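Here chain A shows up in two complexes: once beside chain B, once beside chain C.
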Partner chain A sequence: MKKHANVVVLCSVLLAGLVAPLASGASAPGFYVEVVLGGLMAGVLYSLVALGFVLIFKASGVFNFAQGSMVLFAALAVARMAERMPLWVAVPLAIGIMVLLAMIIERLVLRPLVNQDSVALLMATLGVSFFLDGFGQTVWGSDIYEINLGIPKEPVMILGNLFQGGILINLDDVAAALLAALLVVVLALFFQKTATGRALRAVADDHQAAQSIGIPLNRIWVIVWSVAGVVAVVAGMVWGSKLGVQFSISLVALKALPVVILGGFTSIPGAIVGGLIIGVGEKVAEVFLGPVLVKAFDLAGGGIENWFAYVLALLFLLVRPEGLFGEKIIDRV
Partner chain B sequence: MFYRETGQFKTSYEQDQAMLPILQDRYFIAVLLAFAIVGVPLLASDYLFLSILIPFLILALAATGLNLLVGYCGQISIGHAAFMSVGAYAAYNLVLRVPQLNFLVVLVLAGLIAAAVGMLFGIPSLRIKGLYLAVATLAAQFFIDWTMARVKWLTNYSSSGSVSTAPLDIFGWQVDTPVRKYLFLLAVVAVFTVLAKNLVRGHIGRTWMAMRDMDVAAEIIGIRPAYAKLTAFAVSSFYVGVAGALWGFVYLGSWEPLAFDINLSLNLLFMIIIGGMGSILGSFFGAFFIVALPILLNHAPGWLGMTLSTAMVSHLESIIFGALIVFFLIVEPRGLARLWAIGKEKLRLWPFPH
Partner chain C sequence: MAQARNIGDVILKIDSISLAFGGVKALSEVSFDVREHEIRAIIGPNGAGKSSMLNVINGVYHPQQGSVTFRGVEHKQMRPHEAAKQGIARTFQNIALFKGMTVLDNIMTGRNLKMRAGVLAQAVWYGPALREEIEHRKAVERIIDFLEIQAYRKTPVGRLPYGLQKRVDLGRALAIEPCVLLLDEPMAGMNVEEKQDMCRFILDVNDHFGTTIVLIEHDMGVVMDISDRVVVLDYGRKIGDATPDQVRGNQAVIDAYLGVSH
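== the complex of A and B ==
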């Protein structure tokens, strides 16, 4: 009961934070909804990266710092190959490359480091991340590239009759959200219904028990890193079509860390919900809390969305370290 | 043959507890210091000072600080550049607002301010560890970056957000030429290194190491976890804060908040992974490696008659860093310092195999 009370309190605090700007009547409801929608779209992107984190963490206990670099690498691969061939050829090819990459990482990094403590593995993925950043840009080039998914970019106005001025919304954002939803459904089916999915969950629960009933750990790792690679391709395409493919993708993907803390390290729905909360939270904070802070402390401009996610995650860590949906971990510190 | 402690007997407790118990080690350090003080200023060019030796000394100090936390106390931090920036901005404001203070006092005060901030962000470590702590320190990194960029008072209302400093003056001795900067840094770093070396072999260092090796067991034998972790955060941030102030005042001269971004944090982490976690000497190896490698990469293609673009060099750099980190974690998790120790072991027996 107490556990639930905690969640209820946290959620109501978050909700209160979200609703407060609206209730204070500081702005038009239409504008507020637009901010929230914009946040949701950013949140979808964070969710997609966080999804890759969660998958790998669940199955191998590795905290994959390189997920952002994998997204960059995949996006670069899709963008550059799409220049020479149609998109429907480039995407499967990119997926193939990511699977190959997963195999190489498993063979060269994970297998030699098996049974090391999690911090050593975290640093190893940091190394992988640097390697991929450099390697990706060496192979594919380091300019800004475009991925054109063939979706019109003009904003469309909806709900014009409900609010003054209506709400502007981008079709490619909607497509991204749908794509993310589809990905989650496919992953859920894969994890729940297929034999491989069950094996993955078994490994996630208990490495040794899984191994003792004959599940090959090494192959499972390759599979799960490949799945994370596929998620990276999707995330890279969505980001690339929205913001262009460039190095900053790999840095912004760091935001996925607070997302997984918020949602719980082991929960796929948590990654999605956490991403959305962070996306909306930081946009609302930037637009409504930012000016207040600037006025109160005489700051040189806002930009609080740079740290909002991390500080939110920090507060969460103090109150509920397992996140919204994560499994309770009892760990003496 | 030459490196052997045969015949050196310890006849008093002082000798037993000496920092360098072997005579040859003492000679080596003495010769090294003499060379660093007399030889290097005679031989090195300004370019060597400004692009290698000065950053190397400061970063070695910062890496030592980070090593105290990560290598000795086992608490990971991906936000140490932020504490460097606290030190730098604290020193800037102290010099600006209390100009009569000697810079050495400023340096210590800046370190203390950084230590206070470090302790504040170390509080989460009492409840969380490992990956979670990494995110908590990441919060410190981004929050402090933002604070330095946005709070106008800290940058003295400068319109561009960057601050600049005048050359240092220590008891009338101007620290303006590269040689003088180098000598000043050498003195500061030497003092702090001896201090760190003694810290880690004393009571507090053993407390940290017990915490690192097994926290529950440490608590059972009577070590207070809160005390051990917070002192580690404080001392580590103090070192890094001092290094930050030196980085700003001696190396950069003028800087903006971006000088202390997350890349610097990651570089510090790489220094201690490559150099050796849990080793003061390793911090120096690592710092030298990280400072020298990009310069080598910049020049090596020229020597070989190739030309690489700057972008290419920076990509190559991150490929090599990334690969080396994985390599060291797999092959020699204790880094270059461990290789050095192995070399010394071998030298003791040489020319015999056993």
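== the complex of A and C ==
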């Protein structure tokens, strides 16, 4: 029960920090809403990457270090193929490539490592990650490429009559958010309601038992890596259209790490909520906490965005190791 | 113990199986058969190769020599999920349930093999998929009633006491409607009452569904009470194969269990 209280305290402090700028009058309401919205949009992008992590972890107990590289690879594939053909052809083709990749990874990496220690599998995915980074450049090139989703880039002014000066919002951000929401609904249905989803959850819990009731492990792995590949295509397209397709995309995986710790390694909604919390949290901290630190301690006050997510994740590890929505760890001794 | 069952022909034939892990010989030239509808026990001291034998039958281990013939078909390199498809189900010595899932979902996974509807139709519970889900759910409810675990339907199995987890493990194996059921120490770690319950379930499964049962058990009282024939293993070799009464009087078996001065 005491642990529960700790979670409540932590969440209250976070919430207080979130509304403090507005309540103290340090920020104009319109500007504040804009910052929060910006955070939410960044959060959606983190969520998309975190979703890939959660899928593979949920279904195979493997922490897939290569998720970021898969996003980069998928983004490169979409960007380069879209140069030669319409986008609506390039995207399904890219999905096909990711499915093929999933099959190859299952055959060459996962199958030989069945029933090995999870550290061995983690190392294997680390290897896959570096391979994909390099191989992507070999195949697709190493420049910065563009993905044009055909959505106007100019920000649109909304709610002009509610806030002074209105709120600027990007249409592609809105599209990304809608896409992420759709993806989550589809995945949740898939995991909770289909026999395949049940099989995936079963495999996650116990490989041997799952096999003994007739669930073919290899096929399940191909399915789950394929789904993670599809998620990577979506994430890659959204990131790529926003920032351009470049190597640094594969590093967003590191930003998704605190997201899965916060949301819980086994929870799809957790990945989404965690991404949003971290997105908003780090933006608000950067914009409003920075100046406070400058005033109070005479610090430079920058770079908060870079470490905020990790500190938050650390705090959550202390009070709630399974994450906000993760399956409760039940251990019999 | 006389039972009103028709023990049929040989359904499972184990022919001179040898299995080694590196230099360690787990099984050497073990042969025996299992007849349809019978309860066949495998006994032996710790490390005798009993679990290895089950793992060979179920396709987890592939023996270096020998063959497993099931329903007249010889299976060389069978995988566990193929064994399940053929109708061989099993439970585990150390419970291997899906801990985060509810009792209901655990047993439902056993029906996965029989589900035919497409993934998309299942996702939206459309038409035939919904009917299929309801039909399988009914089958699962029958198993839940049979094992008397109605009250725990929605409980994550990780929270259940040990004896009940063993029961859920049995339920999941039953859900694939097996014709041969392999039970790896179904009564290990149970108190007398739980053992009696488990014995009753095993006999009922055998009786009502005609399921052939191969079980490993340490409790001699249980083995002698419920099994039709007993195989005795020691150091990976077969040292006895007879009815419970005959095995009880077998000098080699007594030596293996009590030790013998050389």
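Just so we're on the same page, the second predicted complex is superposed on the first by the 310 of 333 C-alpha atoms of A that agree within 3 Å, B and C clash if a C-alpha of one lies under 4 Å from a C-alpha of the other, contacts with A are read in each partner's own complex, and residues count from 1 in each chain.
The rule is short, and it goes like this: a contact is a pair of C-beta atoms (placed from the backbone, for glycine too) under 8 Å apart; a residue touches a chain by one contact, two chains touch by 3 or more.
Predicted model, so just to flag it, every value in this text is computed and none were measured.
Student: Under the stated touch criterion, which partner chain does A:142 make contact with: chain B (first), chain C (second), both, or neither?
Tutor: Only chain B is touched by A:142; chain C is not.
Student: Which of the two partners, first being chain B and second being chain C, lies in contact with A:190: first, second, both, or neither?
Tutor: The second partner, chain C, only.
Student: Determine, under the contact definition given at the top, whether A:198 touches first (chain B), second (chain C), both, or neither.
Tutor: second
Student: Applying the document's definition of touching, compare chain B and chain C: which contacts more of chain A?
Tutor: The partner with more contacted residues on chain A is B.
Student: Thinking of the overlay built on chain A, is A:304 touched by chain B (first), by chain C (second), by both, or by neither?
Tutor: Once the two structures are laid over each other on A, A:304 reaches chain B alone.
Student: Just to be sure I read the superposition right, which of the two partners does A:209 touch: chain B = first, chain C = second, or both, or neither?
Tutor: In the superposition, A:209 contacts chain C only.
Student: Contacts for A:63 in the overlay, against chain B (first) and chain C (second): which applies, first, second, both or neither?
Tutor: It touches chain B, and chain C stays clear.
Student: A:122 contacts which: chain B (first), chain C (second), both, neither?
Tutor: first
Student: By the touch definition at the top of the document, which applies to A:296: first (chain B), second (chain C), both, or neither?
Tutor: A:296 contacts neither chain B nor chain C.
Student: For chain B, which residues are in contact with chain A within the complex?
Tutor: Residue positions touching the partner: 74, 76, 124-132, 134-136, 138-139, 141-143, 145-146, 149-153, 161, 215-216, 225, 262, 266, 269, 273, 311-312, 314-326, 329-330, 333.
Student: Give the list of chain A residues in touch with chain B in this complex.
Tutor: Interface residues on chain A, with respect to chain B: 63, 108-109, 112-113, 116-120, 122-124, 126-135, 137-138, 142, 251, 254, 257-258, 261, 265, 297-304, 306-307, 310-311, 313-314, 317-318, 321, 331-333.
Student: So in the complex, which bits of chain A are touching chain C?
Tutor: Per the touch definition, chain A meets chain C at residues 186, 189-190, 193-196, 198-199, 201-202, 204-206, 208-217, 266, 327, 330.
Student: Report the residues of chain C in contact with chain A in the complex, numbered from low to high.
Tutor: 58, 60, 79-81, 83-85, 89-90, 92, 96-101, 105-106, 108-113, 115, 117, 119, 122-125, 156, 158-159, 172-173, 175-176
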